[in-house]
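Can you read through this structure? Questions will come right after.
Chains here go by letter, A, B, C, D and E, matching the order in which they are written, and residues are numbered from 1 within each.
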Amino acid sequence: GAPTANNGGAGGTNGGDKPVEQAGAALDPNAKGPAPEIPGAKRGGILTVPYNSTPANFDPSDQFYQDTAVIFSLTHRALTTFTLRDGKMVLVPDLATDLGKASPDGLTWTFTLKDGIKYEDGTPVKAADVVFAAKRSFDPDLAANGPTYQREFFKGGAGYQGPYKGDKNWKGVEAPDDKTVVFHLEKRFETLPYFVSFNQFTPIPEAKDKKADYQLHPLATGPYMFDKYTPGTELTLKRNPNWDKNTDPARNDYPDGYHFKFGQDVIKTQTAILASNGDDATSLNWDAIDSSLIPQIEGEKKAQFEEGPSSCVIMVNMDATKIPLPVRKAIAVAYPFDSIHKAAGETSHSYSPTSTIIPPQIAGYQKYEAEAAPGFKMNGQGDGNAAKAKEMLAAAGYGPDKPFELVYYYTNDDDIAQKVNQVRKQKLEAAGFKVQDIGVPNKERRAIIGKPKGKYNMLQSPRGWCFDWPSADSIIPPTIGSGALSQGGTTFGNFSDAKIDAEIKRILNLSITEQGPEWGKMDKWLTENYLLAIPDYNDKGNSVFGTKVKNVHNNPNKGMPEITKIWLDQ
Amino acid sequence: MSTSTNTVSTRTAGANTAGEVVLDVSDLSVAFPTEEGLVQAVSNLSYQARLGRTLAIVGESGSGKSVSSMAVLGLHNPKRTRITGSIKLDGLELVGAPASTFQKIRSTKAAMVFQDPQSSLHPFHKIGKQIAEAYQAHNKVSKQIAHKRAVEMLDLVGIPNPQRRANQYPHEFSGGMRQRAMIALGLVNNPKLLIADEPTTALDVTVQAQILDLVNDLQKEFGSAVILITHDLAVVAETADDILVMYAGRGVEKGSAKEVLAQPSMPYTYGLLQSLPSHSEDLDELKAIPGAPPSLLNLPSGCSFHPRCQFKDQVPGDACFTQLPEWRPTPGLSNREIRCHLADPVATLQLDEGAR
Amino acid sequence: MSDQTLLKVTDLQRHFPFREVQGLKMVRATVRAVDGISFTVKQGQTLGLVGESGCGKSTTSRLVTRLDEPTAGSIEFEGRDITHLKEHQLRGIRRDVQMIFQDPYSSLNPRHTVGSILTTPLKVHGLHKGKEKQRVQELLELVGLNPEHINRYPSEFSGGQRQRIGIARALAVEPKLIIADEPVSALDVSIQAQVMNLLAKLRDELDLAFIFVAHDLGVVRHFCDQVAVMYLGKIVEYGDKKKIYEAPEHPYTQALLSAAPDINVARGIAPKERIRLVGDVPSPIDPPSGCRFRTRCWKAQDVCAQQEPPLVAAEADISTRGRREGGLHLQACHFPEVKTDLVAEVEHSA
Amino acid sequence: MPEPSATALSEASDEKPSTTLQHQEKRTGRSPGQVAWDRLKKDKVAIICASIIVFFILVAILAPLLTALQSADPTTGLKADATRTNTDIVDINGLPMQGTSAAHWMGVEPRLGRDLFARWAYGARPSLVIGFVAAAASTMIGVTLGLLAGYLGGVVDRVISWVIDFFLSLPILILIIAIVPIVQKGFAGTGDLTNEETSDIRFWTLIVVLFIFGWMGLARLVRGEVKSLREREFVQAARAIGVPTRQILFREILPNLVGPIIVSASIAVPAYIVYEATLSYLGVGLVEPTASWGRTISDAQSLFSIYPLWLWPPVIGLSLLVLALSLLGDSIRDAFDPSSRR
Amino acid sequence: MLIYILRRLALALSVVLATMVSAFLLFFAAPSDPALALCPESKCPPERLAQISASLGLDRPLRQQFFEYFSGLFVGRDFTYAGDTVHCSAPCLGFSFLTRQSVNDELFSRFPNTVVLAIMAAIVFVTVGVVTGIAAAVRRGTAADRLIVGASQVLGAIPYYVLALLVALYPVILWHVLPQFSPMSEGFGRFLLGLLAPALILGLVTSASYTRYTRNSMLETLSMDYVRTARSKGIPERTVLFQHGFRAAMSPILTILGLDIAYLLTGTLITEQIFGVDGIGRRTIQAFRSQDLPVIMGSVLMTAVIIVVMNLIVDIGYSLVDPRVRLS
């Protein structure tokens, strides 16, 4: 699964004028600080987090990746945020007093800031700071890696260049007074309350903006602040004295500080943490568990391991304009999921097979298992049935003398991709397909499979999708709607179909609460009738932690540990 | 063989004595075991060196001159060398002596000046230091004093401006000066015996003359014994008192230098002298010894020289082929010993010379 | 011995430029290895070239064989100027002028058999086509080696034998002039005599001209007709052998002759009076002004430092024994003076 | 004369020089190369090392045969080969469900279930081929450039020396990491390649890259040797005879460099083998599905604690081969040692 | 001497320049797209890619990029970023594509780690290599000699990264015998201790070849005439070995050391990666992953400079050791 943005949650939304109110659902507009204490939790200690990747930077305007989002959840507060309650992520107001109020046409949203919120240096947070931050997220340099929803939805966002290069007085987001933030939208954006939990909406005081260097020490509003940051190497956090826990419904602040180490070797780190000598006992790692350690975490070290779903769904993408539906179904029957997972080094701790496009964490998720042929369920399991696939191909008019040719690109400069390709090819050929596997370096492959007019007829982009917030409007429209195709990109099936587009448009205009079930229905309908991509699996996230690290739970929106709830048993 | 050697040498010594015997080598054999077999570099060698006298060891390349004298200073690798016989230096038996003994006698009792002064001086150390080091190793003195001594020695061997020269490196010296420095190094501890191994072979004639004069002068001054190794007979004629001629690892003739060169009594010595293009002789052809020296891995049986000897027919029977000739006084000459089967070598050789 | 001039060398110079670092400066300097020498060699004649190490003997040989190119001056071979010929123009000369090298060990390629060493010149010059092997055997016989050894490697021969191979190689192309650069210096006395005898025999049989380089005056005297004495890149005395040995006029020649140790001392002849030179040969990089020998000369006066003495006819054209004799005798000293008896006469009877 | 550490004194200078000279009078027709060869034949270490190398060469050549000696796999009924995957015999986490067996002498590969013995035997091939081919190529380049620089001198020498300096100053590993994909692309052209084609291309790419960066040492050595050989009298003699330059270079000088060249090649072979493995470790070495020790090691190291069978055979194979090659190199050096010969 | 050094410097500079030009052409002209590396596969529409490219300055013609890069090296250059113009003074290596930090800072801040690691390793391999090499040379032909040579051969034959990995895992992580790497900021002592394990293994493995160099070089000098002279002076054997033998054996070792710097840096690259030492090597590998061209270029330049400078130092050191070298 590719890295993805913040956020997630479950449940419905609001619409219209009135505040969102949904008892027991994944939205809690009335949540108040402080966050409930965790029974038995102790304060103190430093949590060390060594992990493999290296964050590009810590500029709030540029954040889109899981790991930095986790770190920012300790230091930065946005208008809304998610909190973990009973294994579910709930969207709660954070800097704002509620989850926002929309105008009747849904094109103007208003958020009001809480009183008494300060930066780490003691200066108060103003609405203008949030507006400035939002504008800043348009800067093509500073926010090159950030999300792009604001460009699509905010009024005049499409060509806006941010506050430095562009119009300083751009009106897409405004602060009529110190406490109020107003969003003007281009079109309806019912899930805006989710979006404003992104770090792009954490306040930045214009006076203290250092542009490129702001990332070295972004001013904190959360319980912790940057202590020492060495780009590419490590980051330490210490307590923020100006954080008031009574304003914060989501965060606990048990450890005295955090120490993140970047670019660490996975096996060594995980081995050390499982051994829990010295500092390793208070360490946590969230890289995928190395298969050599599986015997340990399935056995004696079970208590030091936690896993759960992540935001990504992986699919087997096929070009529906080149492969007729009966052949697509034959592929689904022949596809050697198990072999491929094994070859890819996936383990039972890194994925769970799926049969849907929408993952279970999402509101409106409907479990179904579509059949590619009678008795052959498409649930991402098994190793394919060559005999049945041959039969189906024959029925579709293909045989040994006239085989159907599958053409796809694979990465030939990556070992795993090559191994996966070996088994995939062997098995697909066994099922009677002719396979033309074209090996190219990854970079080239990405360029080729991202263009709809490729030589390929399967395995084009996207390989899957990681949702940005727990609503299917962040999954189905970008992957299946013809919008991406018309912009020169690729989709599941590379298929533009008026019926599908109309259905998407219809659902998007519903309120959050109504959207969920409709997306769920559409998911099943798509797979059963179109089969543009075969559901493969949901990515899992996991944590490995030392013996003194307590209360580690997976954040299902991210597949990462919910770090604000962890405490250390010193 | 060895017993006779001893008696004969003593007799010779008695007749010739001009000084006390410092070095008494008797029945020395040096062999090197190698991959290809045992290299018998020196066999049953006996000679003596006396205070105040110069003994020349001559013989062509590979005849064992260097090997035998290096044995005196224990400079062979004990693990790769087989040494038998006896070497008595100033009464001290050196064959089989421990390393510490050698360390003590080197430079103090016996010192060596090597053939190629260029490669024998350490290129990285200053000349003065190299000399001072030898002095300090045997005298408990400070660096300054040792250095002063080195400068003194350089002065003594006639190096102009010794103060400055002592602080130079060998490559800054000319060939002649380097050889002088080597001599200074050899003499720094007033050794009783100085072995000069081809000290002038690498030098020009004019410089060679300077060096040989220097050695002679110094010997007179110090009264030590000098062993001069060379294959240049003319040099011997001008500088040595006694001579030992070697062939294929063995001594073949010894006696007073001038007498031996004037009247050789062993065919090899004779042949050597004959082959010299003497300056004033305008003969059309030089009298060369035919053939080449034998392999030390596989010495000829009997007399090693027999394959090249033109007189072997004059020895009755096959003695030359089968029997190693023992040391014996030359009939008709005093103070002379040879290893040769010829009944009357003097007459035989004279006859030959006359015939030419 | 015809009177035809084979080789004429006029004012030959060879300077080696190099850079030297002195303190903080980079200085350009030249080694004046050969600094203006002239001589001629006639057919069948042997010229001896003597002098101390580094005086430019080898450089001269290399220039004459055109292994090196002179800085100035000219070399004429059989009347043809070969001074600046290019490699491909030299082919003919390569056949006529050959060289014998000093070191019998390094002058034979250890990787080639005697046969191939000797056939190479034949092949290069296309001589005895098809009969090369036969010719090689002849050559081997000529130099006194067993023709059956044709397939042996140089390492299997002794020094003297190797030198014979070197000689055979030089003879293979049937040259007119052989330059022998210290051909016997590396050999032992007993072997030296063998090789000298061979050279003399070949010279006489094949009517070859030789330039014979050596530092051993005895050998030169034995072998040469004329002798040139070199000192620091210059010829200081040049003439018929007899004159040079018996009536040397240049102090350096005298010193050289007197310095050579004499075996006759052992035969009861009183050691000659030795001229002791002080100091070492100066560097050719920075030779003394005027007369180059003046720094070591006992006769040096002011004029020696100011004027370079030219090579002129010797004053006293008389031999030691009082008989007047004609012949070549040139010397280059401001204060020439005949000195006899530097070389002892040998009593022939034993 | 016990002088414990007076060793070596006589070693290089006067150990054997003239003895052989005299001795050889009796043995005819032995060139220095033959002398070295005779010595090698007497050297036990050299013989053992040579046998080990021959063993691995045989393993590489006979890989298909050796693989076929295993019995058929009970699950598939087929005999294993180096590329056939069999994911049924690994569990869901990719770990093999069986150890060594008659069908899989070295067990099977985690994840893909390929036969490890076959991969081991076939894996000897690239190591040997890369080692020898790259060494041969770089030797050729190095010798040629060294010869030219050393013999011609002047501008040619300065240019070549500069290039040598330049290459020696390059951070080679970084450049190789960068260059491999580029060279590969040059080879690959349009880029529509299958697994096998890619892997072949990568194989040759590696050889090319390795030798491009590996010739300098030898060139330097040869240049130095030639510079001194050029002054040797036999070269002068050849010139005096009128032998053309090319013939002087290749007939007179080159044969005298055989010793150092063989020695340097014998060092280069193990060095390239190790380099290939290192590059595989860094991800720019050989690619799937080529079986190679370097690749296997880099794959296997993560699992070595729980599945050591994967890692150790290639590590041992590689180490043994490299050890044998470099010991043999030493023996060759000794055999050619000028200090023990003349 | 000064002139010599200047001339050598000029030569070195030409080499470094050539390295830079070829590296630039290799990396920038190569068919790679760093923007892609920064753009996650699942969320990378073309316009986003174009934006990233533009932000990295990769959309301009190659010649312009080349000119800017090299003028940056010599006179510094200006970067416009987020509407601001930042001057990056010479020698400007640019800004990391990934972290947006100055490459100079990124590399210089890591420089000490690499250098200390390299120096510690060098201390290990020089002492171990030289001591064992001398020991073997002095005992030539004995069992001890064979043991030393054999051990060094075996050590050199095992793939380095496997050895390093084992050391990194067992003594460091699992047994806790040797400490893990900790940055200099956490105390210099701890920093040094943390480098112990990587330096030891890197040094030990490298020492294998030094053992052999030293042995050979020592054997050669011990056979020299001047060593015989030294011995004939009656000075203690130890003095003979070290003052006379080793002193002269040093220069060839020094030469090889100079040539080996490149390999040592390769060694630190792998070592840093395995032991998690935050040095230039590890940063470079990281940069490769993200196609962070300025960082890759910077580290190429830096390594080339280190190699060239070290060779210069070795050359000068050579002349200090050997008075005959006239530096001309």
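Keep this in mind: a residue touches a chain if its C-beta (ideal position, glycine included) is under 8 Å from a C-beta of that chain, and two chains touch if they have at least 3 such contacts.
Note that the structure is predicted; figures quoted are calculated from it, not measured.
Chemist: On the document's contact criterion, could you list the chains that touch chain A and likewise touch chain E?
Modeler: D
Chemist: Using the touch definition from the top, what's the fewest steps needed to get from chain A to chain B?
Modeler: The fewest touching-chain steps linking chain A to chain B number 2.
Chemist: Report which interface contains more C-beta contacts, comparing D-E against B-E.
Modeler: Contact tally favours D-E.
Chemist: Counting in whole Å, what is the centre-to-centre distance of chain B and chain C, each centre being its mean C-alpha position?
Modeler: 31
Chemist: Compute the distance, rounded to whole Å, between the mean C-alpha positions of chain A and chain D.
Modeler: 49
Chemist: In whole angstrom, how far does the Cα centroid of chain C sit from the Cα centroid of chain D?
Modeler: Averaging C-alpha atoms per chain gives centres 51 Å apart.
Chemist: How many angstrom lie between the centres of chain A and chain C, each centre taken as the mean Cα position?
Modeler: Using C-alpha averages as centres, the distance is 93 Å.
Chemist: On chain D, where are the residues touching two or more other chains?
Modeler: Residues 3-4, 6-11, 20, 22, 25, 181, 185, 305 of chain D each touch two or more of the other chains.
Chemist: Tell me, which residues of chain A touch at least two other chains?
Modeler: Counting only residues that touch two or more other chains, chain A contributes 267, 444.
Chemist: If you look at chain C, which of its residues touch at least two other chains?
Modeler: 158 - these are the residues of chain C that touch more than one other chain.
Chemist: Residues of chain B touching chain C in their complex?
Modeler: 60-61, 174-177, 204-210, 212-213, 231-239, 257-263, 271-290, 292-293, 350, 353-354
Chemist: Quick one: in the complex, what on chain C touches chain B?
Modeler: 52-53, 158, 160-161, 188-194, 196-197, 200, 215, 217-219, 221-223, 245, 255-256, 259-268, 271, 274, 276-277, 280-281, 343-346, 350
Chemist: Under the definition above, what is the set of chain D residues touching chain C in their complex?
Modeler: Going through chain D, the ones touching chain C are 20-22, 24-25, 27-33, 232-234, 236-245, 251-252, 255-256, 258, 342.
Chemist: In the complex of these two chains, what residues of chain E are touching chain D?
Modeler: These residues of chain E touch chain D: 11-12, 14-16, 18-19, 23, 26-27, 30-32, 137-141, 149, 153-154, 156-162, 165, 169, 218-220, 222-225, 227-228, 231, 237, 241, 259, 262, 265-266, 269-270, 284-285, 288, 296, 299-300, 303-304, 307-308, 311.
Chemist: Applying the document's contact rule, which stretches of chain E touch chain B when the two form their complex?
Modeler: Result: residues 141, 224-226, 228-237, 239, 243-244, 247-248, 321-324 of chain E touch chain B.
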